[in-house]
Structure formats: structure tokens, C-alpha cells
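First chain written, first letter: the chains are A, B, C and D, and each begins at residue 1.
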């Protein structure tokens, strides 16, 4: 059959990746203070819609989960839930220094310090707060990765689920969530 | 046999044309909205990417059979209306299934989609979906009144229930029905605002309230089917309006021009409007549009 | 027949919520019978962290208290520190502070324009006003080096003098904004649907407003003239000529009208500031911040932000670190007890609009 | 202003014998009372003297003195004056009277104090959790809670930020990204 042919699968992948790359729907979830630079990014001066970036209202429809800044443990629980409700292929962008190394909340008792221990991050954008230009550059980088087929955070998450779960459960003391719900 | 093949071929071609034009219109909508909003906006073909991406997404949720059927119902509605509505005056390239009474049948079939969506959304168990569907159905009750009134007025005035007859009538007299029965046209156009579910009548899936309402549990392929069906249905509705009121079209270019002009009405109105609440929307439709509908019927009966 | 109540979760992941918080509403049909606010998604323990920072280091945390308008927080804290120490501020610095505060007010109101209209489904205004807000952020960037977080108002004055030619740039931006504001009026306040959606929705009782802790534009929307810039004047507001707008009604429409007028008053204040700004020092040097100890005591300062009264209660135990810096945000009252009260009996369609009109800002509640 | 202030002090002192006042410049008057007097004095301030607006409730942990200090700040819109009411609560057994029947919004402040300092308010009706979720440690705003140690123990920290080293060279080595000259110019 043609369909099972490896080369035709490659062609399908290229087409699919091209479409995915140009249509990134970000979930409307302002998890942290970085959410303040999202409206300027989406509106007239920076206009992320040129790149095919637009908002999606629910996790089921979204492709990109933008973690805008620090995550408190209370939010982390919701973010994990939201991430698992999203449908493949899905990408995570860590936004701001706080997602990389805790930023200025390094000694806070309520915020995590490295996002990629708990969720697979495809692209990090540094800065506090990252400027809209940096956000756009982050999206461009994500597009590059998607086109090259390297934005495979979701696969990594599935393969190393136990490791991620162990980390998540370490910081979320009372785990009242379905174990696996996507 | 020849005939069946021709019909099948015609249906396929109509579908492809409707899909392409419908998606392009949605892309143009986004582009024009962006221009009004001081932005460059996405390219006009952006929605093709979106549809392709949605189609290529994986689905790993299951809420029950009806959830899968919901989008299918909408698609079926869209395709069925497309099959019934004549695309061009000359039926050679786009043969369709017209028959006497298809206008009445259309009235029925156009309600079928939202009902299917209601069933599908109900199955997902998301309260947002349920509330969205309730709102959608109540709003439908609103705009169906002027819409039905307008069509009934046409049926009475020209004593026919066939779309092709109405088109032929316009072709013979050379006068568009929007001029000979202006009230019916007004009522129908105002009802169209509700049919398209753009602002101010987009409370059904209002993201700020219901997180996109009936679609909130439907991502990926479901949304792909819904979006395609929506664009096909949009094209079908616009074509119906052109057929009924604007003298149909002799070729595709004229059709596209005419439908796009009609499409501009809900689009531009939507850009500058906040949304009505459900009861406000119903009150709106039962106000002026229904009055126009009533006038149209009076005109049809007494003139 | 009594309908069964459904519970709806507005948030934390919801496009209609203003930031990261949750409102749990019980609805019967479309009417809300009970609303409960749940916060804590943004709790970063600022006040704990400030105890570990010295007096100057605290500023990096302070501006993150409320992201849309960080300057009033810095202002409150700086003023509290000055009160504790008895430090004088040069006249020029006071004017520059007013300039920055009013610019921040305008920027925040422009964001509010977007939020309020988008909550009702009118996205075009938001695109315009948030786009225009960038011009103010540009000014901030030139003045302070940061678009969003400024850390500009410091104890003893401000961190930098005005750059060369800055006044002209501000005036130009103000002229441009004044023109644009008329466009917003055409699309927003002249819009029948906007009027229908906002009039008579989310009414705050005038008699109870002060007791309920309503402050800022929502209080002025009830017909009560109350503004800290006038009642408890700080910096040079008592030397400036401006009007505190008041509207009757107490609904979203009245609050929107108040804000509409206030943004124009802010432009007026900025023009006056630029006319009257004296030359001279902009900063009284503080000692080495590592060794800078403040005398024992406490101070409470209040500043009028767009959301209303924000305050900072600072306690010093005579050391180099604050003993306690407790922030009072307007949203702390607005988004919890007031919102829970207001939402009862309203339509679920109006939740987002009411929240926006109250100016709820979750980071300010949780800190 | 001075007249108003002295009237306020006089009225409060005649009504509440345990109130000790402290005068401040500008529009500020401070009173210190016993914790049992708090509801009465707040009621009096609000209903009789026009201090309608509750501006702030704060709490300070004086670990050395083994006491919590609770401060109520009220504002009179007519007199344009603010009154601070201080009280001290024993740190070992922190119980206070609930005042949310005077101002509804006090409920929120009390919830936060209960969670952050562990002060119990008799008769406070509110959900147990406010800002924290499933918190198991001691009330975090108490002085003896060490947030840095807690954070280090609980949350994984990416190596490399223990000191404030210049990381630009590391970036250059790791990813082969070529740094522009102007970036090299600014060194610590």
C-alpha cells in the first residue's frame, strides 16, 4: 500500500508539520504575571496572528500551552491537568526566567523553580518580563522546531511519564487527580 | 446510470467549491477584521492551515457516541442544504437535487444541524456546552421567525415552493426579488445576522462566558469537521440568499462577488459590535426583523 | 418548579477571567444564586520574601505586586520608607513621580478599555487601545529602561532624571492619545449594544458602598466623590488642577464613564506637570543599601491606583530589612467580598464584564 | 486638623479606659488597646465617629516578644483622618474576636491571618483554605518559618545559579552562539 510506504509518510509529515507550524493556537491561561505581555503580543503593534498564532478558549482546542512566568504549586496542579487535557500534538513554551530557574522567587516556599521537571518544555523564552519581540522570536523558534520535527515534548512526556509524575507528586502533596486522563 | 454519476460528480464539485470558498471567506474575515483593528493580520489562506492542522491532530477523548455524531450531524446538514440549493442559474456544471417544495425542506433541514450539535454537546457533560446549546437553540427560535416569515412571504407572493422556480422568475423578468419584495429581503438579511453567529449574536460560543460553548469539549478532528461544515454551510446559505433575492448567478465569479457582498454585512456588523445577551438577541429578532417579515407577508397577500 | 442549580467554574483556565483566579458560581437557568471566589493561584509569598531583602532590594519584588500598574505600589512603599526615615524628597522628583503615576494610570486604563470591551465581545477596541498602550510603554522604556516593570520610584526621589527631549515626546503621545480616545468613544460609548449590556448591571448600593470597602472608580461610579489624590494628598497633587469625575448609578456603565473621564483628567495632569516641573535635584542620595537601617516605627501610605486605594503598611524594627511590608490592594476587597455580593442575581453573561468593571487583579490579592 | 485629633483622642479615652494613644504628625492617630476591646472600639469608631472605611488590617509577628501585633486602620471620609488601632495577641495561644460583622471585608483579612499566622478568630465562618492549598507546614508568615530552607528542600533547583557568574561564555561554548561584540564589552 502507498500509505504504509515510508516515503509517503514522510511527505505527509512534511505537509502536516507545515500546517501545524503555521497554526499555533495558544491556550488562554494566564498562569503568571507574564500574561501582561500577551495582549501587546496579540494586538496591533506586534500582531502575532501574522504567524498564525491565535487564542483558543479550551484545552481541547489548543496546541500551545504558554506558561507565563512563575508557577505556584496550586497553579501547577491545574496546569498539569490542563496539559493532559490537550490533544496531541501539543507544545509547551516556558515564558520568563521564573520557569527556567525560579527567577526572583528562588527562595519562595510556594513556587517551583524549574518547569521542565514537571512538564516537557519545547521552548524557553528568557527575560523578566520577556518583551513581545522575544515572545515572537520564541514562537518562531517553536515553528522551526515543528518543521524539523523536533518539537516532541508530548512524546517525551508520555515516555517518561513516571519520572514526571514522581516529580509532580513530590511538590503537590495531595494528589487528587486521575492518574492519566488524555 | 449516467445521471447518477453526473449527480455524484456534481455534488463532489459543489462540495469542493463550497469548502474552498467558505474557508477563504473565513480567512478574509480574519484579514479584514485585522485591518480594521490596525493590524496586518494573517494571510487570507490562514484558515486552510488551521483546518489542515485540526484534521491532523490526534484525538484521545471519548464521551460517548453522540459526541462523535454531533459534528457529523452538522456536516450532513451542510452537505444536504448544499445539494438542494442551486449553485448557478445554469444547472449543467453543478447539477443538484431540486424539487418542488425544496424551500420548505430547507427550512427543516437547516434546523437539523444545531439540533445535532445540541445532542453532541449534551453528551460531553461539560456544563458550558450545555448552556451554550440552550442559548443557541433559544437564539435560533429568535431568528427563525423573521426568516420563516420572509420565506413564507416569497412562497405566497410567487406561488411556488421551489427555489429554481424563483430563480427562473427573476431571470425572466430581469428584476431581483430584493426589489420586488424588499421587506422579505430585509427580514431575511437581518435573520442572516443571527444565522452566521457573528457578533452581536455570538453568545452561543462566547469565550468570555462559556469558553466557546458547545465546542468546548471538541478539539482536533471534531473541530475540523465543524469548521469545514461551517464554511460549507456559510457558502450554502449565502448562495441561497443570492438565488432567492439577487437573481442567482450565471457563473462562479459573479456568484463569488455577490455572496461576498452579502457576507460583508454580518462580518462588518460583527467587527464593531459587542454581543447581545440571549434574551436581548431574541427581543431584537422579534422586533424590527419580525415586523419586516410581517410586512412582507402583508405585501404578498394584499398586493 | 425550582430548577436544579448547576455549578459553573469560571476559571482558573477560562478566557473570561481577569488573570489567574476562580469564581465558582451556582446558576439556576442563567441566573447566579451563589458566587464564591477562590484565589491563591498566584501566591508567591512576596511579604515573606521582602522580610529577607533589604530596604532597596524589595523594589524588585514590589513592582510585581500588580502587573498592569506597578508604579503605585512602588510609590506607596517609597513614601512609607521616607516617612519612617523622615527623608525629604526634592520637588522635581515629586513632579516626576506624578508624571510616572499618571502615565501608568493611562496605560492601565487603556488595558481596561480592552478588557471591558472584550468581556462584552467587542474586540476591536481592545486591539486599538492595547496597541496604543505601547506608546506609553515606549515612554516608560525610555525613562526607566523597562516596559512593564520600572522600579523607578525610589526612596529619596526617582532613579533617573528625565532624558533629553522627553517632555516633547510625552506631549506628542498625549496629543495622539486624545485623538484616539474620541475613536474609542465612537465605538464603545456611542454603541447601543454596549449601553444595553452595561446599564443596570452590577449595581453597587450607594448607601453601603463605603462600608463594603468599595474604592476608586467603582465608588465614584456610585456618586461618591472620593479620591486619595484629593482626600489624603501626596506628592504634588494638591498643587495641580484636576477634577474627580463622579457618575450616578453604580452600574458598569457608570464605572465605565468615570474611567472614560479620568483618562482625560490624567492627560490634563500630565500637561500641567510638564509645564510646572522645576529644575534641580531628582534624588537625595541614600546610604549604602546594605547597611541602610531605618528607625523603629511603622508607616501606612495610600495611593490612588486605577483600581482604587492601594496602600502599604511598612514596619521597621530598626534593622536593615523590613520587619513587615503588608500591601493593601483594592482588588483584595473588590474581588472577594464585593464580587461575591454583586454577582448574586446577575446573568452569567455578565460575570466577565462585572469583574472587569471592578478592576479585579488577582496578583494584588494573593501577593 | 489638630482639633479633630484631640477630640477623637478625648472621646476614645473616655469610652475605652484601656486605650493608650500616640500622636503622629499629619492625619494619623494611634491607639493601643487590649484585644478584648477590639470589636467594641471598632464599632464605636464606625458607627459613632464616622470612620466608615476599613482601610487595612495587618499583622506583625514580634517573635522576640512572643506576641502578634494586629493593626486595624480605619479612615473617615468626612474628617479625612486615619486611626490605627493596635492590639497584641499572645503568640502561644493566638485567639481573637472576629470583626467581620462590622465590615464584611474583614472576613478576607481574617482568613488570610488565620492561614498565614495561625491566629484563630472565634466565630469566623469561611473556608479553611485561602491562598495555600494542602499546606502542611507551620503558618508561613511566622518569623520562625524559614522559607529559603523550605524551598531548597522541596523544589529542585537548576544547578548554575548558586553564584552570580557571567554565563555568557558558557552559553557561547554550549550552543555555539556567537556573541556580538557589544555584548562582550559589558563585563562585571
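Following the convention adopted for this analysis, a residue touches a chain if its C-beta (ideal position, glycine included) is under 8 Å from a C-beta of that chain, and two chains touch if they have at least 3 such contacts.
Bear in mind that the values here come from a model prediction, so they are computed numbers and not experimental data.
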Reaching subunit D from subunit B through chains that touch each other, fewest steps: 2
Distance-to-centre winner among chains (Cα means, whole assembly as reference): C
Geometric centre distance via CA averages, subunit C-subunit A, whole Å: 30
Separation of subunit B from subunit C, taking each centre as the mean of its C-alpha atoms, in whole Å: 44
Whole-Å gap separating subunit A and subunit D, where each centre is the average of the chain's CA atoms: 36
Multi-partner residues of subunit A (at least 2 other chains): 28, 43-44, 55, 57-59, 74, 107-111
Subunit D, residues touching no fewer than two other chains: 132-133, 140, 145, 147-148
Multi-chain contact sites of subunit B, meaning residues that touch two or more partners: 37-39, 207, 211
Touch-based graph of the chains, sorted into line, ring, star, complete or other: other
Chain pairs that touch, as defined at the top of this document: A-B, A-C, A-D, B-C, C-D
Subunit D-touching residues of subunit C, taken from the complex the two chains share: 39-40, 43, 45, 47-49, 51-52, 210-213, 215, 224, 226, 231-232, 298, 300, 302, 309, 311, 313, 315, 323-324, 326, 328, 332-333, 336-338, 341, 366
Footprint of subunit A on subunit C - complex, ascending: 12-15, 19-20, 40-45, 48-49, 52, 60-61, 64, 67-68, 111, 114, 126-128, 130-131, 133-134, 137, 147-149, 363
In the complex, subunit A residues that touch subunit D: 73-74, 77, 100-102, 106-114, 117, 167, 170-174
Subunit A residues within the subunit B interface of the complex: 15-16, 18-20, 22-23, 25, 28, 43-44, 47, 49-50, 52, 54-63, 86-89, 182
In the complex with subunit C, residue positions of subunit A that touch it: 27-33, 35-37, 39-40, 43-45, 55, 57-59, 70, 72, 74-75, 78, 82, 104-105, 107-111, 128-129, 131
